[in-house]
């Protein structure tokens, strides 16, 4: 039988609700599944952060309803310290894995990577479905730990042994809660590895004719490099999780040293393992992970700034190389999380230098974003506002990384709210801004309707101000020596900081409330939004090519041909043939000549 | 919206600059010899990043507020020479900053404690610190895991009946140190990873079970401070702390003698 | 028709894109991909999967080297002699798989099937041999948690065994369809992918065995 | 409907994880009140004739050099130190009464009472946290009876129960928080409860399947009342000086004397 393109289509055709929307192999459906999984996780994680913030600001306050929800963790609504740590662990794990890794990469990437490079589908649709359901199962395993004896894990998203390696003797949540955490993360690793495999193969093999790598949209580049980071780093985390689980369940001694006495009990049977070994393995994954979270948002920001400034990306090639450089260097700097860990101080200094080197491609990107805006004709849609907000927040969060990259300064600031401010701005909020701008930008393509722009703008300005009000003051807390991951602040020297904590909590409640506008807008527009046209933003990339244009796309130019002199419109689609005979177009025509 | 956003950015930048400039919230005062280096390094970095911060935010605000209102945007795909120049400049600045912190770091970690340093063992557990002074003989008696018992106050597992070196060891819950004398701490943990952090000393070091990690410093100002744990160690993490007492040398001697009497 | 498409792909890749960045080979994918003949994606995919698996084992082996250097609790284990036999079996299986592929190309359907069956048989024999190595160690009282060297022995052999079992499943898939593959109707890509993965498992085992000899 | 491989695999994984969750939840009821106590195991419990019951009593002596008790350093939590107004607090393990007897000795019927059934008393046993010390230091409880833990300190405590037969638990108690109420479904001597935030805080809890247990006080005496006639094994447990076991015979309406003497360990 001769394979033809028409055969590809029946796979997508509906075969009952279950096959069409639940166990679907359609990349768009899977992308949306990921997106809504991330949205759900984000709402849960945000709720947890509210509880934590309220408890920090008013530690003696009984939170209404919490006592009924979790009688053990919060008797009469008063949060116990172990419950606070459970919330902290769940907040971090949900946000980092199930929101920041899932939404921008697996969600938007699945929806739009094939579309942007001119492919009909991902390379392995069934594997794609498996990836999603592994992620889904992983989320289920994690959330189920709320009902486990002792509650969810309490060792933070970094799960340092021996705290996480000895079972419930080290504290509540370290029994079943921690086991479920490890199982969940291991499943997530497998799901992400399969997803990354799919993304890379799709990008390499399924690009449309004429879509050279250097013509790919920067979003596609970001997804591609992120997928490579995932492929290599999640393999290491999976290995680390296997070792940790063996230490817990089988009595091995990879991370557990000999001669421990916990709660007066001698821990038998363990030999000279090293907790630092876990830290190295974890951060070898953990640092690339922060780029996994931020690279897609960076790519999207470049994409949107160009589209809505109606101007080509300033220094496209530099942007691509910066993305690659960040991806590569991301694997060499994990040690900067360990300056005070007891690691060799000489290697600390080497990590320090490598870490500031990685700031250079980030700086290049920031320069080029500003360069893209300079002299542009801005269309301030909500998507654009969030992209602009991204640049501002990324700068505010990113520059503080320089402090933390210098070992002696890090000694003072390590594990304080300075670090909390740094990563919440540069990776948490910035990536969230990426998710928001992606949602406002691609919503018409995903659901065929427009989101409400007025609500969107209100949402933006509240989120922008809220993000600054919540996280900028944390720099000052950190400088004053306020340690992070504290369930309460009992130390006398922290008491003068309580007003600032209360301010942050109020701002956080406001910031969270503003997100309800987004949720309302999202679901409202889903059903009642204005019908969207084929290319509402007048963008150039292939996802906006009309479905009627046919499937056999040919790409003639780069992704950001805005304001090209001498053209009728101020943008030229990537697949628009042109007879003007420029070098790029000639090449494409040659390729097409067969 | 353009005006609202650019105004918000300018205002936010101004507020941030003022808060840093006026030092509304700042480091606690430094009380150690190497702390000045840390503070200087922080100041230098703050200056450089502050300039970059203000420049980036203001340019962003300008672009938003002063974008073209009519016609087409400028067609500009980049300027390689400018990009390379800026990348090199950024690299030089950042690497320069990292290298400038070398001396302070070396002083803290590359060289050991001076010979005349007072050596004190620190044992961390969930959720307390214990301190041991070697006593007049200058020798720490051996530790026996089996004898460790918090309920009877044998935090270090000492056996004074069998080990003569243990007899004069002084175990306390407060870290008392003399002013202007080098101190070497030997950090040990009994269960999970803890940390030793005194913001005023500009010192932070994880305490890892299975390892003995030495740190050294010299305190320059008397007073009562707090040692706090910064590494998530379990439910009592937030309350894990110990008093630090920096005293004049004679007062320290008196204090230590009083502790010895209570053993 | 199918061959024609493939030829045109080759032509197009040579066409270049004129836009610099020639490493893109921009036009290769579009016509190389078809649901019925997923030749390039399968091969690309397996290469990428192998990169990830390499990273997974690199994490384990670097952990082993670090752990071995940590302290006095690293007691070396005398490796069971059957491992040498297993290694030989695995190497032989790679050889038989190559022979099988060669016979298919040469059109000798019967021999193709025979060598394929032999490969699967040798794969099973290897896994059985690994289990026997475990049993021998267990009989000597060397269990998983006895000391870190044992832990790594069991860990690495088990992790490799699981990955190899995946390859074995792929071989079973081929075995079950050997007639139709021999007829040339299906499975060209599956055969290539499986061969590649099987050889990779072989090399991986050689590497792990070397690590075991050196450290455990 | 034929499932594809991917779907089958994801289904399988779902089932595995669901099973794990079920397992984790399924273990919970162990610590719930009302779980069966082992005393009810006997097929036909022997009724107790209250008219014939006797008594076991005695004194716990200590011979030898009393160990010196170390001072507890409460510097880590200023709240604890302030509760004692500068007076030194001494460790309780190894304490000897001035009259040469031992306090804090747990004496209980270890064997011989298995044929009777004892409903756990409805009144809970109270364990208090006062000035960052446990009161009492040694505490007896009947399996199935409620243990009520209260805190009188304006600081956070956590009670970490370490046990072998009963499930381990570890719960924080904030100042002003409601009492922690727990039961032990199985007899176990001795369990320890510790506060990790104040590591010197430790107490011992003996859960017994019968009501025949006592803890000695400042006079070093104990009495096990209402014991039906018969032969028993009784044990005297101390935290520092080991345990001693004695066979005794209780005759109707009579008091059986059983003294113990401990020596320095």
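Each chain gets a letter, A, B, C and D, in the order it is written, and its residues are counted from 1.
The rule is simple: contacts are C-beta pairs under 8 Å (C-beta built on N, C-alpha and C of every residue); 3 or more make two chains touch, one makes a residue touch a chain.
What you are looking at is a predicted structure, and each value in this text was computed from that prediction instead of being measured.
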Of A-D and A-C, the pair with more C-beta contacts is A-C
Inter-chain centre distance, subunit A versus subunit D - centres from mean C-alpha coordinates, in Å: 49
When the centre of a chain is set as the mean of its C-alpha atoms, what distance in Å lies between subunit A and subunit C? 33
Rounded Å distance, subunit A centre to subunit B centre (Cα mean): 30
In whole angstrom, what separates the CA-based centres of subunit C and subunit D? 58
Set of subunit A residues in contact with two or more other chains: 80-82, 171-172, 258, 263-264, 272-274, 488
Numbers and ranges of subunit C residues touching at least 2 other chains: none
Touching two or more other chains - residue numbers and ranges from subunit B: 125-126, 149-151, 234-236, 239, 241
Chain pairs satisfying touch are A-B, A-C, A-D, B-D
In their shared complex, subunit C is touched by residues of subunit A numbered 1-5, 7-8, 11, 118-119, 123-124, 193, 196-198, 200-202, 204-215, 231-236, 238-240, 242-243, 246, 250-254, 258, 269, 271-274, 277, 280-281, 284, 552, 555, 558, 583-584, 586-588, 590-594
Write out the stretch or stretches of subunit B touching subunit D in their complex. 125-130, 149-155, 171-174, 234-236, 239-243, 262-263
Please output the residues of subunit A touching subunit D within their complex, sorted ascending. 16, 23, 25, 60, 72, 75-76, 78, 80-82, 126-127, 129-130, 133-134, 136-137, 140-141, 144-145, 147-150, 168-169, 171-172, 176, 180, 183, 187, 263-265, 488
Considering the complex alone, what residue numbers of subunit D touch subunit B? 69-78, 88, 91-94, 155-156, 158, 170, 172, 194, 196-200, 202, 239-240
List of subunit C residues in touch with subunit A within their complex: 1-2, 8, 11-12, 15-38, 40-41, 44-45, 48-49, 51-53, 55-60, 63, 66-67, 70-73, 144-145, 147-148, 151, 155, 159
